[in-house]
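What follows is a set of structures to go through.
Shared between the two complexes below is chain A, which pairs with chain B and chain C, respectively.
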Partner chain A sequence: MADQIYNAIFIGSIYALFALGFTLVFSVLDILNLAHPALFTLGAFTALFAMQQGMPAAAAVIVAFVVCGIAGVLLDRIAFAPLRRRNAPPLSAMISSIGVSLIVIRLIQLKYGPDLQAYPAGTLPAAVFPIGGLLVDTLRSVIIGLAVVLMLALTYLVRRTQLGRELRALAENPRAARILGIDVERAIAATFFLSAGLGGVAGVLYGFATNSPFSQMGLAFELKAFAVMIVGGMGSIPGAVLGAYLLSFGEIASLAFLPSELRDAFAFGLLFVVLLVRPTGILGQRAVDRV
Partner chain B sequence: MEKRSKRILGIVGALAIALAACGGTTGTSGASGSPQGSAAKPDVKVGVVISLTGVGNVYGPTQKNGVELAAQRINDAGGVNGAKMVLVIDDDQSTTDGGVTAFRKQTSQDRVVAILGPTLSNTAVAAHPVAQSAQTPVIAISNTGDGIVGKCTYGKCDYIFRASLGESTAIPATVNIAKTKLNVKSVVLMYAQDDKFSSDGFAIFQKALATAGITVKKEIAFSKTDVDLSAQVTAALAESPDAIIDSSLAGPAILVLKEVNRRKPGMLVIGGNGFNTPAIITSAGAAAEGAVSGAAWYLGNPDPINKEFVAAYKAKYNVDPDQFAAQAYSGLYILLDALKRTPTVTSVLHDKLRDQIELTTGVKTPLGEFSFNASHDVNQKVYVVQIKNGAFTPLN
Partner chain C sequence: MDDLQQFLAAYQTTIGFVGLNAMLALSVWLTLYTGQLTLGNAAFAGIAAYSSALLTMKAGFPFPLALASGALLAALVSVPLGATVFRLRGVYLAIATLAFGEVVRVAILAIPLTGRGQGLVGIPPKTEVWHIFASLAVVAIACERLRRSNLGRAAAAIREDEIAAASHGIPVRRFKLAAFVLGALIAGWAGGLAAHFDFAIQPDEFGFARAVQILVFAVVGGIPNVLGPILGALLFTALPAVLQPLQEYRDIFQGAILVLVIVFLPRGLATLLELRRTIRLRRVGAQDVA
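Here is the complex of A and B:
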């Protein structure tokens, strides 16, 4: 039982990290950034590249954060900013992001091929130790810890800092934000940097956990991140985290108590019930109060 | 736009291959010094339809390497009774439509003598009828699902052959070895329920385990897109079976192996064809040790034909071949064997070629001695392999 709870926390943390970046861009800009899975993959492969050059794992995580953050800013400049200037509908931005996603994944495939890859042997902590009846391993514990720290840091940043205030103003009303003297383009760039950086770190951590990064690895998360985001409340950061853990615990509870074929039906059924009770999601609010 | 550039790339690629092949022939005839030599005979065109893009592009590129190496070596050794063998390679884009289009093109436009492919079983079921109605023999080089040869869902399929070991042959062999050599009496059966390959394998495992009298303590379904299988493995280990069987592709298999190793090192894990890739060893590392699967081929097979193939492949591509490359390479040699026995190979006497393919017996390939059985399916040795010291090692 304790084992399964530990498993649920681990999976939930990965879902949450992925969903956070997704949610951030959506809450501030109302864009569904479908290139997010590609940035996730880019993170895993940036770390792979760095570690193949001899960099330690911890440094590779930071490199992946920065590289993906910059890629996120470029993504905005290339795929979204021109559309924004012409007041294109959000759907165009979504299509544009699909295009970027295909290009990024294809580029990764050109360099690494479509096969499963592996991080250099001996670079990842492999120790497993029992605590009571529970088997804990270093890598997963570090991943859970780091995920929680990143979630708290993002929440602090959005709630308590000047940048956070700007982001919230922007989410509420871009025009008003501009009139109030907020550098809107800078705030948008920051949003993309954070979102993509977090997505990249999620990719590295997940890549570490499985040690089999491959070019399509982000796609499996897309649907789940959608579900998590909607159930948590569109654009709500704590909501996304809550939704992620709800999904992972739902999945694992169904595995423990029901035939395994019914897992997804149960987990997504649970989310459906949540939406019936609260159509705006668990922490969903009026658009004004988002972020 | 993307399609067009792909097509242009394809044409350029085909031209390059043709040019390279031409160069090879000139060299050979010059060396042999016979003026009337091979130039008089028209080329023998062989179609190859494989997944170079789309989900199947994990397999298509190494298949391409395999057939190109085979064609090069065949032509260096005098081609088909002196005629040069030319490959027409088309991408099926891993889709049924792509496969049908490529098959139509190759049968009606290129008029190839036979086709190898397509890569994926789903595509094969759609594309094979095209060749069947055009009476062009097909040798499937990577389809492992049911209904590809023998009794086909779409009707008559007497022009279709399969040179790739099906799971319905490999899995029972694996289960038998598990029972007799590894003393397995009970198992937990895990499988990806939303993937045709995995769920077909699951059904075959169920049947084989029942036949062998091995108890299935629990069946655990998961999704091929699951990002983590620790919960499923925890549930499986709670049943304390002698072995865990995982019917899935390599991605989930790695998750299972790593998780099993983390919780219960030394636990026996048995898999299907999805395990037969070096990625299992590189990604799962020490966790892959001891994993058992049934394979059509393995890298370390000391048979001289295989050693020669592995060395030539490594020399040409600077990387070890995988099973898909070996099967593609073997497929072309199996076809060559039949072509050599067919009186007129270049005209469209496809029924004569089909008859000769049916008579294939004991062709020496990297897969071992190869024959077709009465229902046009592969008849070769199944290598039940176990990963030991980072290499696939035979158990039988």
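Here is the complex of A and C:
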């Protein structure tokens, strides 16, 4: 039982990190960035590459954050900025992000192939220690801690800093934000850097925990992230965190009464019900204060 | 003549799939034309593929009856689904239909009769290539006639401005639902044909990736007329076969084409010859996709 709760906290933290980046872009720009799962995968493989060059795991996480952040900014310049300039509908942005995602995944496959990979032996902490009746492994505990720190840092950034104020203004009304002297393109670049960086770190951490990164690892998270965002409220940061843990605990609980092959049905059933009953989600406030 | 026959024999599967994909692209085109983004058509194709295949294999239904039953079942499922999800718009609608698709996929995985993850194998190969293209011709002509009718103009009005359309007395919800159900029927017919064309079907063939692929056919080809989705399906189905030697780089080409078309030809490949009109429409702020 305690074991399963621990597991739910772990997978919920990964869901949350993944969904935060997704929801950040949605709240500021109203687009679904379907290349986010590719950035997640890119994070795991950047860390793999860095560690194969002899870098320690902690440094590899930072490298992955920066590399994915830069990739996110490039993604915006290539796939979204031209569409934004002519006020294209959100559908166009979705399609062009699919294009970029195909390219990124294939580039990863060209280097590492489609199969499961493993991080170099001995680079990840393997210690397991008992707390009460529960066997806790160091790696997962560090991952949960890091995920929580990142969530708090992002919340602080959005709530309390100048950049956060700019992002919230942009989410509210891009035109007014521009009139008020906000450098809109810079704020958007920052959004993509943070979003992609968080997605990349989520990928590294999940890759570490399973020690089997593969080129399609982002796909399952993409679908789960939709559920997380809808349940918590599209574009809401606390909503994404809440939705992530609700989903992970719900999934674990659903195993008690659903056969395991129906586990995924829980997420989509929940998503569907929330959409029909309360489309704004638990914490969504429709167009008002969405960051 | 011999050359032509050789070509047809060698590429029979690819040619068949061009037609099937074109039909699926037209099925999603119907809802896109009314300005609604739905991602449920792969699931409708899946429902019909499995049910029609099971009908011919286990219940001994004649092929045409099995096809029709599968397509009707898909359309039947789409009615209550459409009636509930069309309260939503934009990404919410897309995600709701996507969730439905995933539930269908998981349900197929959970029902023993469908062969679960291994898929359903040994389906009698009754679909001929001409069946596919005759169906495609019927669907394409029907869609084009609809588009040019009063109904089509009403659908375009809904796409450009829903509130203005409603205030002109167009029953918006009913139009969206009708486009959705008709799309499900077409997708179902294509799904049944696909099941009997390929000997085996698997749940993943009707999942999220497939739904997105169908959407890509339609949008890259272009929404303004029915040639667009057909062209899109042709390009993205034939390209992988043509690029066989460059297999490894195939996704890179496809991805690049996607981005380039969306950025430079927002109304799709089918409007390559109407660039000036595209630019003018952009200037007056018409919706990009049509």
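Everything below uses one rule, namely that the second predicted complex is superposed on the first by the 267 of 291 C-alpha atoms of A that agree within 3 Å, B and C clash if a C-alpha of one lies under 4 Å from a C-alpha of the other, contacts with A are read in each partner's own complex, and residues count from 1 in each chain.
Note that contacts are C-beta pairs under 8 Å (C-beta built on N, C-alpha and C of every residue); 3 or more make two chains touch, one makes a residue touch a chain.
These numbers were taken from a predicted model, which means no experiment stands behind them.
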| item | value |
| --- | --- |
| Touched partner set for A:Gly145, first chain B, second chain C, both or neither | neither |
| Which of chain B and chain C A:Gly269 touches, first, second, both or neither | second |
| Touching partner for A:Leu110 - first (chain B), second (chain C), both, neither | second |
| First (chain B), second (chain C), both or neither touched by A:Glu261 | both |
| Touching partner for A:Pro120 - first (chain B), second (chain C), both, neither | neither |
| Overlap of the chain B and chain C footprints on chain A, listed as residue numbers | 219, 223, 259, 261, 264 |
| Residue ranges of chain B in contact with chain A within the complex | 57-58, 61, 193, 219-223, 225-228, 230-232, 234-235, 250-251, 254-255, 258, 262-263, 279, 282-285 |
| Chain C to chain A touching residues, read off their complex | 37, 84-85, 87-88, 90-92, 94-96, 98-100, 102-103, 106-107, 109-110, 116, 208-209, 212, 215-216, 219-220, 248-252, 254-259, 262-263, 266, 282, 285, 287-289 |
| Chain A residues touching chain C - in the complex, by the definition given at the top | 26, 32, 34, 78-79, 82-83, 86-92, 95-96, 98-103, 105-107, 110, 219, 222-223, 226-227, 230, 234, 259, 261-262, 264-265, 267-269, 271-272, 275-276, 279 |
| Of chain A, residues touching chain B in the complex | 3-4, 7-8, 10-11, 14-15, 109, 113-118, 121, 128, 135, 137, 206, 209-212, 214, 219-221, 223-224, 251-252, 255-256, 259-261, 263-264 |
